[in-house]
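Read from first to last, the chains carry the letters A, B, C, D and E; within each, the first residue is number 1.
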Amino acid sequence: MSSGTRGDGTPILETDGLQKTFGGLTAVDRVDYRLPRGDIQCLIGPNGAGKSTFFGLLTGKLRPTGGTIRYNGEDITGLMPHERVRRGISLKFQTLNIYEELRVSENLRVPCQRRDEDTRTLIEEVADLVDLTGKLDQPVDTLSYGEQQWLEIGMSIAVDPELLLLDEPTAGMTVEETERTGELIQTLVETRDMTALVVEHDIDFVRQIAEQVTVLHNGEVFRQGTIEDVAEDPEVKRIYLGEEYGGD
Amino acid sequence: MALTNVLDITGLMLSSFGTLVLAAVGLAIIFGMMRIINLAHGEFIMIGAYATAFSFSAGVPLALAIPIGGLVTGIVGLVLERLIIRHLYDRLVDSMVATWGISLIFAQGMLIIAGPSFSDVPTPLGPISYGDFSMSLYRVVLAASAIGLLIALYGIYTYTTYGRHARATMQDEETARSLGVNTDRIYMITFFIGSVMAGIAGGLLSPIVSIVPTLGQSYIIEAFVTVIVAGPSVILGTILSGFSLSVVNAPVSQWAGSFAGRVALLVAAIVIIRLLPEGISGYWMEGGE
Amino acid sequence: MSEKKPTLPGNEFLPSIVVDGLDRVFAPFNGPNTIGNSPIFWIAFLLVALVALAYPAVTTPFRVLNTTGYVVWIFLALSLTLIWGYTGIFSFGQTAFFGLGGYTFGVVAKNLVQVTGATNLALLAAVVLPAVFAVVVGYFMFYGRVSGVYVAIITLAVTLILELLFGRTAGPQYTIGAAELGGFNGMTNIPSLAFGIEPVLVELDPVPMYYFVVGLLIAGYLALRYVVNSNYGYVLIAVRENEARTEMFGYDIRKIKLQAFAIGGAMAGLSGALFASWNNFISPPVMGIVTAALPVIWVTVGGRQTILGAIFGALGLQFLDSELAAAGSEFSVVALGVILLGVILYFSDGVVPAIASRIEDRIGSSPDESVVLEESDA
Amino acid sequence: MNLFELNNVTAGYGSTPILRDVSLAVEEGDVVSLIGRNGVGKTTLMKIAIGLLSPEEGDVMFDGADVTSMGADERARAGIGYVPQGRDVFPRMTVEENLQIGAEVGGGGREKLYDEVYEYFPRLDERRDQNAGTMSGGEQQMLAIGRALVGNPDLLLLDEPSEGVQPSIVTEISERVQEINEEIGTTVLFVEQNIQFTMNASNSCYVMEKGRIVDRVSPDDADDESVIEEHITI
Amino acid sequence: MGRDNSWRNASDATLTNSRRRFLKTAAGGSVGLSAMLAGCSGNGNGNGGNGGGNGGDSETITIGDLSPRSGPNALYGTPMHNSAQLAVEEMNENGGLLGREVELVDPDPQSDTGVYQEQARRLILEDQVDVLMGGVTSASREAMRPTISENQQLYFYPALYEGGVCDEYIHLTGPTPSQQMLPLVQYMVEEFGTEVYTIAADYNFGQISARWAERYVGNEGGEIIGEEFIPLDVSDHGSTINNIQDADPDWIMSLIVGSNHVPFYSQAESSGLNKPMASTVSIGSAYEHITVDPPALESMYTAWNYMEEIPTDANEDFVSRYRERFPETEYLNQHGFSHYVSYKLYEMAVEEAGTVEMPEVNDVLESGLSISTAAGELSLDPATHHLSHNIYLAEVGEDHSINFLDTTENVEPEWLRERCSLDTESTWDDPTSEFFTDV
């Protein structure tokens, strides 16, 4: 298990006053957020807290209504998604977003061939990391749900990112699969000099991997701290369980 | 002089709007509600025109012959839906190729049945004039009928059980089904109504066109363009689209000739789609959901 | 990943040296994105190529001439397969580039043939100009985030506008050098293909023209197989399958679509140029809605996501069309419509994939066995 | 008597199992909840219940009959009301039209509960002519429940009624569900991850984790409350 | 609204052949079909692989005919198709040509230039027909022309057209505007005045015909005060009608064609546009006076080489023979007539030449042949390969009846003769460009 930050503590990602409104609804409300290099941090919050919108702004899928996003000190607010990826940001989508018509190896091939190294070696390397070595030639619909999720994680790291954004990486996984996913993410961060930001509901999983947790609520940063601090906070409990219950 | 010009262009716009909306309305329903692109739509119009012309020459008054044209086309559409179209739901491109095949069969089938020559329904009502300006009153009737059809559709889709169920199916098929809507039947009726609309359009247009087996081809492009430019909302979209395209088409035709008018119509469609990639009504509805 | 060579289906019938040889020679063209990767397939391919080469010797001049014409149109179908079948861009107006290619060839060739006697440059121009035009149209669409059926309507409108414009060019004022555009009646006396430069000239008369287009088709087929099974082919397929995912690997979707569209435009232009030279004639209806629908129909019937589908779809339906027309019955067109309907209802992925899977069942190979990662062997 | 049962249901999308050997039963007149975190398969279970998904294995019983092979529209007409996740009201239809669709479910056979719906949810009465898509999440949830209720179903299925709804309105809705059950006698099965809603509304609660039912508890019992909490919160 | 269904008539020798071929095609499967047809269609004519022309007396004479029975030009192609059958049946009833049976090979070109090209190639190269007939639009003729000229194929084109074709093996039996326009324009200027508004179809035929109209109107001291070209697929003529109303001419020169343009007349009528109209394309070709309800074409004046109503004994005889054979005929138009004349000319030339060898037959055709037809005595001009025509000037009445005003006899293709002399030269020449500039 890792503890503390490994990097020099300089932020790899910073948002200043980041804001996004849809019609009258403010989904992300002036969020100032710093992600130190080398950390694994989690983003949690009840449904509709603005987590997915926040991720959408980070990847460039959504254009912010206000505020800026800086990556390694560079303002990337106006960049296209693919330009952000080329600077080292990668995303694992919330819903499965693999190429359903293709085989496992072909799925991995698409990101792997972006790099200069020998594609086949890279595919094997990535497959090894996500435990799919024996299944490279299989069509993806023969994989279990958890394996498909791993494949997607594998595809996300195949472009060799510095910053990995994971949107609910364990949704639909069994307990064992979830645990192994946590180990995988920790291994990746430690061995590949990566930083990870994870949106997750499964609190056991958050406990397993996260150093710092940020709670979003109604589009705003509600609490930040270690998982223990946050978990004990009655206010956090309240927003999770419903106003009256928490207040009782 | 100036007034005559204004009246000329207004008349043309009415006429262009009426034709575009009539040509498009049946296709709009079928495409908007069912995501089926019916390339045999022009032939549906043709069948409506023939049925109207046959009824008319058999002595039925025009006002009655037109609904007969609609009904005959509706029945043809119904049979087609049961035999072929229902296998093509969710297969947009396949539906295009299959309906292209149907259009070949219908156009040539009508040629075999009715011969290559055209039949004629005389234009009723004569001219209206003001000073130097005069135009066919029937043109005004066409534009009014186009609006009338859209109002009728609005009525059907607002005040009938079928209409509510159809809109519900279009907005959320799964939820509609889970509320007891037999969506298969809704699709069938929708195709029927789209066909009836095409047939009525053919009947309404029959006095101002030559009724020939290849009639459909002259309408399919205009209909297709109007529907796609319209975007997701069937009734509002068709009105806006017909209006925008005729606003471009009419003055250009008047000042630079029919050729330029036609090119202008296509260019306008391209520009609108580029600026509003979800069609006109897509832009209007944005933020609604 | 194992180093063991994957088993190719069908090799149990063949001596291993043949299997290895075929495997090695055709490795760059093999892959899961194309139908037929086994030694047996390649033997059949070579046999078909031989039959195609021998064809002029065993048939009538009319058949040679006509078959040349069919093959010429295949390139249009292939252009659609590349951009629609593999990249997912549904163009309903490939004929715009076909027509532009044909007219460009006509104009350049008619002028050039008086100087050099050859049409080399005309062919080149007829490929380049449509490609440039495709870049313009493609930039307009893809950088404006136009997609799906909206692409279909824009491309259709473009080809219809071109048809209208070229139909308007009757009269001497529409003459470019020695070439009269000819309006609706079309441009006549377009020179046949001739290569070289005075006095060393090879004019492609019917039979050489046949060999030229068939050779070009074989080369084009192999080239397309190479492309779609290469890294680049995977990018195209990735764009077709899931744009959002592919973009998040750092690919510029708009640029990739634009590139594919331009290549498709060039291929359609080539098709048009070959058509104009083979036919010595081109007229605006080649850009009309009826012709615009043809490649869509061919490709859908043959099988959208396979190269062979485009080839056999175009070949088969043109042949059928011609024989039905020759039969002279007024029911010919009806029969064609019925056949289209039947294919759509019973072979939803197209005829060629259906036949291929039947053959695969027959020789007992499983699709899982085909090669996946051979590109690094090449 | 059990009004509704799932027996040994295994299901998923494609080859991916989401539910593994799930069985549950709802007694007539009861309010039963099923609680679990995001992604454990709650919505899949509800879709199997109404018939929008077919189970790979197992069967679905309603009112003593095997309805496994019936489509969703048939089950709705047989007396199951369904409130989908995220409400899924028809956004470009008015409140009244949404309710009409629900009312037409059973044809002329069943009593229509317009009055009751407007009584339980007076906000809907105020907004009869408003397009459903323009209402707040809570109002949409009320409408979705009203839409399912107006046709007077025997069984009401609710998929995450608290999702995206303001806390104060969550309370209101949970109270209404109780009242509906008590006053009209409608049997209710709902899935939730909001513990407060579950506690308020249901008499008994299944706990689900990773596609399996792991526990069945009664929310009235204080010990069980902490059991649920453990499954659902941080 | 009838058409002939005679293809079903199995006793018809010439037709059973095409029907048989259709059945073979339908039954043939896919792979073997090509080879089978390649073999069969050659043998079926008894001259497969024989090289141009037929040698022995026992063999049949084959006529290739391209008359569209589907698509937008079926209106013109169907009467042509009928004429072809009538002519061939009459030849065979009279013991054939040179004592040999005449066989008609008649694919359906479907009004599609691509199909025209392909079927022309098939007829010329595969069926090796002794003569090729047909084609409706100039576009269809131009599409076939490279193949025809390359193979030196004897060919007859029957439709009225803009003029300008001058080709060794091509003979043109329909009229050109230069032949029809003079008597018509003279009459109109005299009767109605000098200010003319021209509307024309927006393609080669309409544009060139409009130039002719301008020239003849100018010669008569008139003036074109407005001119408008309408695309073939435009059927809403509102803007045109507005423009004519604004210009207020004395009369309208109408050169519009095709089914989309016909509604102009009823649209004009219902818009209150009541101007006298002149046309060299309406009435005799698409018989608008029959298909459009009266009185939309009232006070339309027209000049034709042939109309069904021509009141001569010879025509009465021709019409009754034709209608007896094809009772459902709606109107016997110029295409039907001129196509029949083509067959008769060919028959004459072959009988005189004593062979079907094309150069010999062509020589006879170039010898100044004269032929007696339903529309009078016509002669084939050796220099231009165009027929001289008797031009009938007619007026359409309120009930759409035809009233003949005047006949100008023996109008020769004079203008073209100044440029084209096929009797002395026989080079491929395409005078289209000069044609435009000269007119």
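We adopt the following convention: a contact is a pair of C-beta atoms (placed from the backbone, for glycine too) under 8 Å apart; a residue touches a chain by one contact, two chains touch by 3 or more.
Just so it is clear, the structure is predicted and the values come from calculations on it, not from any experiment.
Asks: Between B-D and C-E, which chain pair is linked by more C-beta pairs in contact?
Replies: C-E
Asks: Based on the averaged CA atom positions, which chain is farthest from chain C?
Replies: Between chain C and the rest, the longest centre separation is with D.
Asks: Measuring centre to centre, with centres taken as mean CA positions, what chain is farthest from chain B?
Replies: Max centre-to-centre separation from chain B belongs to A.
Asks: Indicate the whole-number Å distance between the mean C-alpha point of chain A and the mean C-alpha point of chain D.
Replies: Comparing mean C-alpha positions, chain D is 32 Å from chain A.
Asks: As a quick test, compute the distance in whole Å between the mean CA positions of chain A and chain B.
Replies: 49
Asks: If you average the Cα atoms of chain C and of chain D to get two centres, how far apart are those centres in Å?
Replies: Roughly 54 Å separates the two chain centres.
Asks: Report the inter-chain centroid distance for chain A and chain E in whole angstrom, where each centroid is the mean of the CA atoms.
Replies: Centre-to-centre distance between chain A and chain E: 75 Å.
Asks: Which chain B residues sit where two or more other chains touch them?
Replies: As it turns out, chain B has residues touching two or more other chains at 108, 111-112, 217, 259, 262.
Asks: Enumerate the residues of chain A that touch no fewer than two other chains.
Replies: Nothing qualifies.
Asks: Note the residues in chain E that touch 2 or more other chains, in rising order.
Replies: Touching at least two other chains: 69-70, 202, 231.
Asks: Report the complete set of touching chain pairs.
Replies: Every pair of chains meeting the touch criterion: A-C, A-D, B-C, B-D, B-E, C-E.
Asks: Which stretch or stretches of chain E touch chain C in the complex?
Replies: Where chain E meets chain C, its residues are 7, 18-19, 21-22, 25-26, 30, 33-34, 37-38, 41-42, 49, 69-70, 106-110, 112-115, 117-119, 121-122, 124-126, 138-139, 142-143, 145-146, 150, 202-204, 207-208, 231-232, 430, 432-433, 436-437.
Asks: Which residues of chain A touch chain C once you look at their complex with the stated criterion?
Replies: It comes out as residues 59, 61, 80-82, 85-86, 90-91, 93, 97-103, 105-106, 109-111, 113-114, 118-120, 123-124, 127, 133, 136-139, 155-156, 158-159.
Asks: List the residues on chain E that touch chain B in their complex, please.
Replies: 1-3, 69-72, 74-75, 77-78, 202, 228-231, 233-243, 245-246, 259-260, 262-263, 266-267, 269-273, 287, 291-293, 296, 328, 330-331
Asks: What does chain D use to touch chain B in their complex?
Replies: It comes out as residues 50-52, 71-73, 75-77, 82, 84, 88, 90-93, 97, 100-102, 104-106, 131, 133-134, 147-148, 151.
Asks: Would you mind writing out the residues of chain C in touch with chain A in their complex?
Replies: It comes out as residues 1, 6, 32, 231, 234-235, 237-238, 241-242, 244-253, 368, 372-373, 375-376.
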